[in-house]
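Heads up, the next two complexes both have subunit A, just with different partners, subunit B and then subunit C.
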Partner chain A sequence: METSISGKGRPDKEASYLYCVAESRGGGDLGDIGIAGSRVFTISCMGLSAVVQDSRKEIPEPGDKDGMKACLLVHQRVVEIARERFGTVLPLGFGKIIAGDEHKKSEEKVADWLRSSFKDLEIKLKKVEGKAEYGVQVFWDVSLAAGRLADEAPHIRTLRDEIKMKKAGTAFLYEEKLKAELRLCLEEAAARHYRAFYDKIKDVAEDVRIDKCHGTPDDRKMLLNVSCLLDDRQAEMLGEMLDDIAGHEGFSVRYTGPWPPYSFV
Partner chain B sequence: MAIEINEDNIKQGLLGLVLALVEIIVETLKHQAVRRMEGGSLTDEEVERLGRTLKELDQAVEAIKDDYGIKECVRSVREGLDSSLNGIFTQATTIR
Partner chain C sequence: MKPARQIQITLTDVLDRLLDKGLIVNADIVISVGGIPLVGVVLRAAVAGMETMLAYGMMENWDRSTRLSASESREGKATASRTAPSTH
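And now, the complex of A and B:
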């Protein structure tokens, strides 16, 4: 049903750009808050409302990075406003469009989509009702951990002592061996920490999605990057648990939210 | 999206790519050397000679990176390769 802006380019025909779906019999007009100041309104069917705008002219060309970024921010703001108005919403990812054709206007097609997907949308709405998405990223100071390992692990200490007795060429190979051993120990420790933190988070959260870890500009390694679906009580519990993790030497935590539950719909 | 291309960019990029590949080869050699040293098939003198040669190779690669100011470029090529490999491994694990 959907076409993506980035995949298909600017729609030639009359089309509706979708922001989110809410359980509502229609909230009418949300005002001129859409992309390029377009009017955002609802299309309702069977007790569900799709929050949309007309998308004939306002969507930027693929490749227009600044334009896309501005639209993405508007998209997020409209979803946020819809959430304030309707309570629970199912946010749609940026760039979802339903195009009309010679037989049906896009608005009718949106209503058809709400009707045909009613069951699925209802299940998803129930799942996220009263909950929000939170981002959790745990960072690990690898240098600190490596330094500690080098001091504490007996086989690493022995290897380090042996290097001092060797000639330059042999010492170089021993250093390579030491680096490989350290890397192995760090990888094992990272896997252990990851599992421990993930299990703790999973115990608290309603649902967890694992996201890709990114590089950091400093010496810290992003050990874990997840999105969590939480109600208010769970959000508080997770916050306390993350404070505890951040209290351990060498670990830091970024906890963001609440966001509309993009990762869970 | 416009991509700025000039001769310097291309040279630096190409050199960065070459050095990244050389680094990977040197690392493989070092890995093999350590394995052979561990395996006991080399005399002490052979180990020393092999170590010295690899050390010099390592220093030469670092010196070239410094001379041409391509440290960042090499790092970024290697990160890109790592990320592609991670993607392939993840896919392979998922398929399995």
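And now, the complex of A and C:
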């Protein structure tokens, strides 16, 4: 289990905040670009470098939304800068710290970790070398699709016509039945589209991770949210394929990247 | 279609990656700041202005089960490809 530090949100002892690991014999100093303007530097061992900062400076409490948002963006930016400098990097998630103790300074512990995980890190670096992560989100206009279904599906059209001839009480029950039928049809259509899009994406990408779908501020439903590991050529191919999906009525696509490969390490 | 570069990404994009993902460090030496799940909850709540009731409120279960089955089939494949190199 990872230990969690609450309260002031920082360890009392000296500690190293980790950003990412790169294949490098040490790039030294990345400048004062870290959280709270800290200096970001590398700790190297066996040809691998961990990009870190000293974490003694205050990290905001979880309740401090603006402070936390700023820290997340700083984390992302530092990893980006490291990627520009070192090429392939293995990014860490937000807030990972290695603390020192009475026997060893945190920097030595980071070097120990690089040494002991060397094989694993090398394999992961190989896997993502020359590739980057891209996010794909496909949205579906459910209202539009429901309208189309109501017009096109014969049994739904029949049901709708029958309602007009029923008395209020019966009509209500028919309405409920209509809604249930519509819901079923929409879910079937959603599953069909999901599978088709996912298969197409998987064909192009080196690797794919499925992420949780979010709500949207409008009537669109996020149908699919995935992260893909792609080289430049695949990124271009996927872009063309996504144009094709976005060309279908009722669908829109968000394509983001390149990201450091957070989902593939 | 060209991917949206850093300037157009949203905080949700960043949250999705920085809070749940990234390289794992052996748990006995790494500690996390301020309880990451809590950070996630607070920040997700902050960007949840976007979260609205789903139209027709119906596809959540479907969404969950589809993602589950898809990730199961992916994991099945991953296991297969993991075992492959050992035969060399």
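Going forward, the second predicted complex is superposed on the first by the 256 of 265 C-alpha atoms of A that agree within 3 Å, B and C clash if a C-alpha of one lies under 4 Å from a C-alpha of the other, contacts with A are read in each partner's own complex, and residues count from 1 in each chain.
Everything that follows uses one rule, which is that a residue touches a chain if its C-beta (ideal position, glycine included) is under 8 Å from a C-beta of that chain, and two chains touch if they have at least 3 such contacts.
Quick caveat: nothing in here was measured; it's all calculated off a predicted structure.
When both complexes are superposed on subunit A, subunit B and subunit C fit side by side without a clash. Touched residues of subunit A were counted for both subunit B and subunit C, and C has more of them. Of the two partner chains placed by the overlay, only subunit C lies in contact with A:135; subunit B stays clear of it. Legend: residue contacts after superposition of the two complexes on their common chain; A:165 is shown touching neither subunit B nor subunit C. Using the contact criterion defined above for the overlaid structures, shared-chain residue A:243 touches subunit C, although it does not reach subunit B.
Of the two partner chains placed by the overlay, only subunit C lies in contact with A:262; subunit B stays clear of it. Within the superposed three-chain model, A:177 lies in touch with subunit B and out of touch with subunit C [touch as defined at top].
After overlaying the two complexes on the shared chain, residue contacts for A:210 are found with subunit C alone; subunit B is out of touch.
When the shared chain is aligned, no partner comes close enough to touch A:123: not subunit B, not subunit C. Minimum C-alpha separation, subunit B to subunit C, in the superposed model: 5 Å.
The interface of subunit A with subunit B overlaps its interface with subunit C at residues 63, 65, 215. Remark: subunit C residues 1-4, 6, 8-9, 11-27, 29-36, 38-39, 42-43, 46, 48-56, 58-59, 62-63, 66-67, 70-71, 74 touch subunit A in the complex. Every residue of subunit A that touches subunit B in the complex is listed here, in rising order: 63, 65, 167-173, 176-177, 180, 215. Of all residues in subunit A, only 1-6, 9-11, 15, 17-18, 20-21, 55, 59-63, 65, 68-69, 72-73, 75-76, 80, 90-99, 109, 113, 116-117, 124, 133-135, 142-143, 146, 182-183, 186-187, 190-191, 194, 198, 208, 210-219, 221, 227, 235, 239-240, 242-243, 246, 253-259, 262-263, 265 touch subunit C in the complex they form.
Touching subunit A in their complex are the following residues of subunit B: 1, 30-31, 33-34, 37-38, 44, 47-55, 58, 79.
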